[in-house]
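Starting off with a structure, shown below.
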Amino acid sequence: MKTGETGVLTTTLENALTWGRSNSLWPLTLGLACCAIEMMAIQASKLDISRFGSEIFRNSPRQSDLMIVSGTVTKKMAPRIRRVYDEMPYPKYVIAMGVCVIQGGPYARGYTVVLGVDRVVPVDVYVPGCPPTPEALTYGIITLQKKIRGETDR
Amino acid sequence: MVDIISESKGKDGRKIVLVSVENLIPFMKEMRTNGFDHLSLVTAVDKKDSIDVVYHLHSMERNEYVVVKVNTKNSVVPSVTGIWPSANWDEREQYDLVGVKFEGHPNLKRIFLPESWVGHPLRKDYDLSKVQYINMDEDGEDYVTFDAGDGW
Amino acid sequence: MNDQWIELNIGPQHPSMHGVLRLKAKLDGEIIRELEPVIGYLHRNAEKLCEMGFYCDNLVYFDRMDYVGAMNMEVGYLEAAEKILNVPPPDRAKWIRVIIAELSRIAAHLVWAGAYGLDLGMLTPFFYCFAEREKILTIFTEACGSRQETNYMSIGGVYQDFNDKIIQEIKDFLETFPKRLEEIYNLYVKNDVFLSRTKGIGILSKEVAISYGVTGPMLRASGVEYDIRRAEPYLFYDKVNFEIPISHKGDNLARFLVRFEEMRQSLRIIKQGLEKLPEGPYFNPKAKKSMMIRLRGDGEYYARTESSKGEFGVYIVADGGVKPYRVRVRSPTFKNLSILPVLSKDVMLADMIAISGSIDLVFGEIDR
Amino acid sequence: MNILHWIYGVLSFLGHDIGYALAYIIESIILLIFVSVMLIFMIYLFRKYMARVQQRIGPNRVGKFGSLQLIADALKLMGKEIIFPKERDDLPYKVAPYIVFFGLILAFAFLPYGNLSIFGNLTITYSDVSIIFIFAILAIMPIGEVLAGVGSHNKYALMGALRSVAKDVSFEVPMMLSVLAIVMMASARTSTSLSLESIVTTEILPYGILEPIGLFVFFIAMIARASYAPFDMGESDSELVSGYSTEYTGMRFALFYIGLFGSIFLGSLLIALLYIGGFNGPFSSQVGFIWLIVKGLILVLISFTIWLSMPRIRIDRLVNAGWKYLLPISFINLVLAGVLTLGLGW
Amino acid sequence: MEVKEPKKRIPLIGILSGMISVASHLFRKPVTVQYPEVRPYEPERFRFRISLKLDDCVGCTLCEQVCPNGSIKMEKLVRENPRNKRMLYPDVNFGTCTVCRNCEEICPTTAIYLTHEFETARTKNSFLYSPLELAMDEKEVKK
């Protein structure tokens, strides 16, 4: 269908899909380091990420939409992260959680740390902090939802 | 009684015994029969021209503590894995990071870094500016490359 | 028989590997015949980086070792670093460290208790444990401003003093927590299925435990009454009364019970610490402000502390500079993990998960 | 007078053949809608219930109280890329989720939903031997799981499938035996004792009171058949990543997911019908249907609670429990039922 | 002290009590704080983002030295400030900042300090804050 002919139906369908995607981000249980505990904390009672529809932490990458890279990515782990990312079905999103994942953080001067997971997988939202508080990560997820809906400017 | 080179007291109030490389295994066996059943730590310290290997021995029953030091010029030390199984991973780690070869170790492989990593990072002459990359081949085995295009 | 074994690769991304442990298992049906742990997926070269930073900066790397009980790591590092630098902390700071370290131990054990439930397939206790942990983290935030990687203690004391509000909050916590703890405890131990998954599984004998360098709750569950807080007291642990929980069974259940009893004992220590908390300075003026980066030390020191996982040793070799010459960390979990291939020989896959869960793995500390 | 005839009565102007064909189609659609609405409600209920017992709130952003959460999930799953693993066995891999899903839907067609004075009989398809039908269909669902596990060529999936077969086989027999006891007792009063409807309508006391052992065995076997903790062998989250459904994406996974929740609902309805009186209750001719659903949901909540508070049982102990404990108990139950039927004339 | 093993019970009783204990939480209040609508409790000392008082900064570079990750770099900024003759102000890379608070601790004039701002998530990997941006509120900083 040409761009000019996109009927009301396709637009509505597209909108509905976007709405569904943004409201049902199932994260993958990929805990690497310190930030993984704070990632578990957003799942826990105090901050309860299930309010945003991200309740189900799927263990299998085939069934998850969101990869929260939580914790330092070492050079040895990076190919595995790439493989897990490749196993996920489109549309898939990545949140880089913590400064180690963003630019290497405190370990940037070392010899085994990847300076930013965006060299390995494309990242949608960066959440700085070491580790980010659960609220900050939740804000990151809200930012991702806005990005999916095309609302954010940050 | 095995000969020791010197005996001193450290800042932490623990006895430090310096033994030669040849006498290490007999001395350690003697310590084991003396009741030092817990090998707490194996450390290798790069002193630029030589390497100190430091063993922290501990006796659970008597709560005694002894530090045994060995100085080696060619970075080869006999392994104490036969005396304390706990030395197994420790020695692998020190081989990995400092490059001390423990003779007689059953499985002396790198533990943290992939097998083909060049150099031993905790050596003082390790060049951090030469960046090494790790990638994974088809079978899931790691290989090391200096080519930035292949790594992450 | 060998050609019928299934080779199964578990991890590094696996729900119950507590991070990035990878196990190469050879399975005969459901039974594990061979197991080889592969570690190093979180090797962050902290020991190398410690040689490159000032003494006060290196606390950052220690916080991130045992990230669930970060305060215990700080205590361990500072025990060594302060002796090297000759900057002893004042009494108030020491008591504050005792209180905070014990709170951190409770937090670490709570994370373990919740995650152990998840390992066994028990969903709910995880949430109760984390809700309680959240209260401890609020106390930490109240005290220093960060939740998990606190960087609270510094060379020669603590960064910020305790005020009345924090003490009140700790007292509130001491009041409400024991009841919740019993509730969580009952949820586990009253369950027949839980008992069947833990009782008599993964038995670790005393001799094997000592020879493999296993320490902490795992060693105590095997019947050795050994706790560095008692055997070689640091801070003010010789001035508080507490019991060392042991068990002679050495199985998963014993480890579980020992950890829960430790939480109760930690509560006792905190209570006594609050009573004995003296007035006075909380910071050694020798290490204040710009002196932070000018402290020099020499000699070598090996400090042993009891972290939530076991004997946490920091061995610092100094050469008289402002930066340490060599830092070596004896991480308890590294030694505890080396027992896993021994314990999980010829057990079922499900039991192996239960055993590896009971070791309390934290990879920041194993790989460093 | 059941739904089919009722619809046919409306469509009778089209003639016999076309009328009945249309009536069947409309009836199937009604069934699909009913089942999917019930399942969506169930999953929503489960999420909310789980959240509340864990001191959380649960989904509350999408729609009022998060009621549209499941719609969002379904939309998202539909829009996902479908990945076919390279080394799959093509046919089993593709067919497996549909076997599970349609097996489930079919089973709902044979359940008697009550006999209301306004609508008449609510049963979709009436059969004299509906018990045999339902249990035959229930036996099909594990085949889907096995095909999924074997077809996706993944070691975790394979182990999950093997576990779920071991579990299903060992709980099948006690389940059937305890149903047999009920059929035996019902046969004293009705000639069509293999029909669920006549079992419910002719009972004097709910069979759960007469044979509590049977209820116990059936309840445990039902939880096991539905793959719920402590018997969630097929999934085994913490051990086998995601069990037989490890390699499935998008809607195919959703079918398994629905199958998981659907089978617990189906099992609960079966227990409600067989053991606690089904649609019987005060004013059953007006609200009998509601009674059935309420009883079913209460049982579902009980099994949710079991799921949330229990660790997973080990596979060998599970098989032991099936063969060594439940089987003898269900034999005892059978004997007791015989004594009750013959000796006391219940 | 020997830990107490749990007592032997009749089977299923313990499971039932566990179920009741779990189900009884249905009647307790959820502990959830609904974050975006309700601000979470932020203790007074809660710290997350570095801010700078431009007028107080004396350009002593202590913060640059003490930063364990090298997140702080001094930058030349022509600005009227009699106390800062060298015209050096810190800029912070939040992509590596671990919020260790060493800079705040060491600063002789408390020019560099940490604030409660935690909503710093972005869709671009650019977290380098110039001194002027550091002095701003997080909401005003647009990247």
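We just call them A, B, C, D and E in the order they show up, numbering each chain from 1.
In the analysis below, a contact is a pair of C-beta atoms (placed from the backbone, for glycine too) under 8 Å apart; a residue touches a chain by one contact, two chains touch by 3 or more.
What you see is a predicted model; the values in this text were computed from it and never measured.
Identification of common neighbours of chain B and chain C yields A.
With centres computed as the average of Cα coordinates, no chain lies farther from chain A than B.
Put simply, the chain farthest from chain C by mean CA position is D.
Distance from the chain C centre to the chain D centre is 45 Å, each centre being the mean of its Cα atoms. Averaged C-alpha coordinates put the centre of chain B at 60 Å from the centre of chain D. Centroid to centroid, with C-alpha atoms defining each point, chain A and chain D lie 36 Å apart. Distance from the chain C centre to the chain E centre is 23 Å, each centre being the mean of its Cα atoms.
Shared interface positions of chain B, defined as residues touching 2 or more other chains, are 112-113, 121.
In chain D, the residues touching two or more other chains are 51, 53-57, 237, 241, 308-310. Contact with two or more other chains is made by residues 14-15, 40, 43, 45, 48, 60-61, 124, 127-128, 131, 134, 149, 187, 191, 193 of chain C. Listed by label, the pairs of touching chains are A-B, A-C, A-D, A-E, B-C, C-D, C-E, D-E. Chain D meets chain A in the complex at residues 47, 51, 54-62, 66, 69, 71-76, 78-83, 237, 241-242, 245-250, 253.
Of all residues in chain C, those touching chain A in their complex are 12-15, 18-20, 40-46, 48-49, 52, 60-61, 64, 67-68, 111, 126-128, 130-131, 133-134, 147-149, 363-364.
Partner chain B is touched in their complex by these residues of chain C: 9, 39-40, 43, 45, 47-48, 83-84, 210-213, 224, 226, 231-232, 299-304, 311, 313, 315, 317, 325-326, 328, 330, 334-335, 338, 367.
For chain E in complex with chain A, the touching residues are 30-36, 40, 48, 68-70, 93-99, 118-125, 127, 142-143.
Taken in their complex, chain C has these residues touching chain E: 53-54, 56-61, 124, 131, 134, 138, 141-146, 149, 151, 154, 159-160, 183, 186-187, 189-193, 195, 243-249, 253-254, 257-258, 261, 289-290, 292-293.
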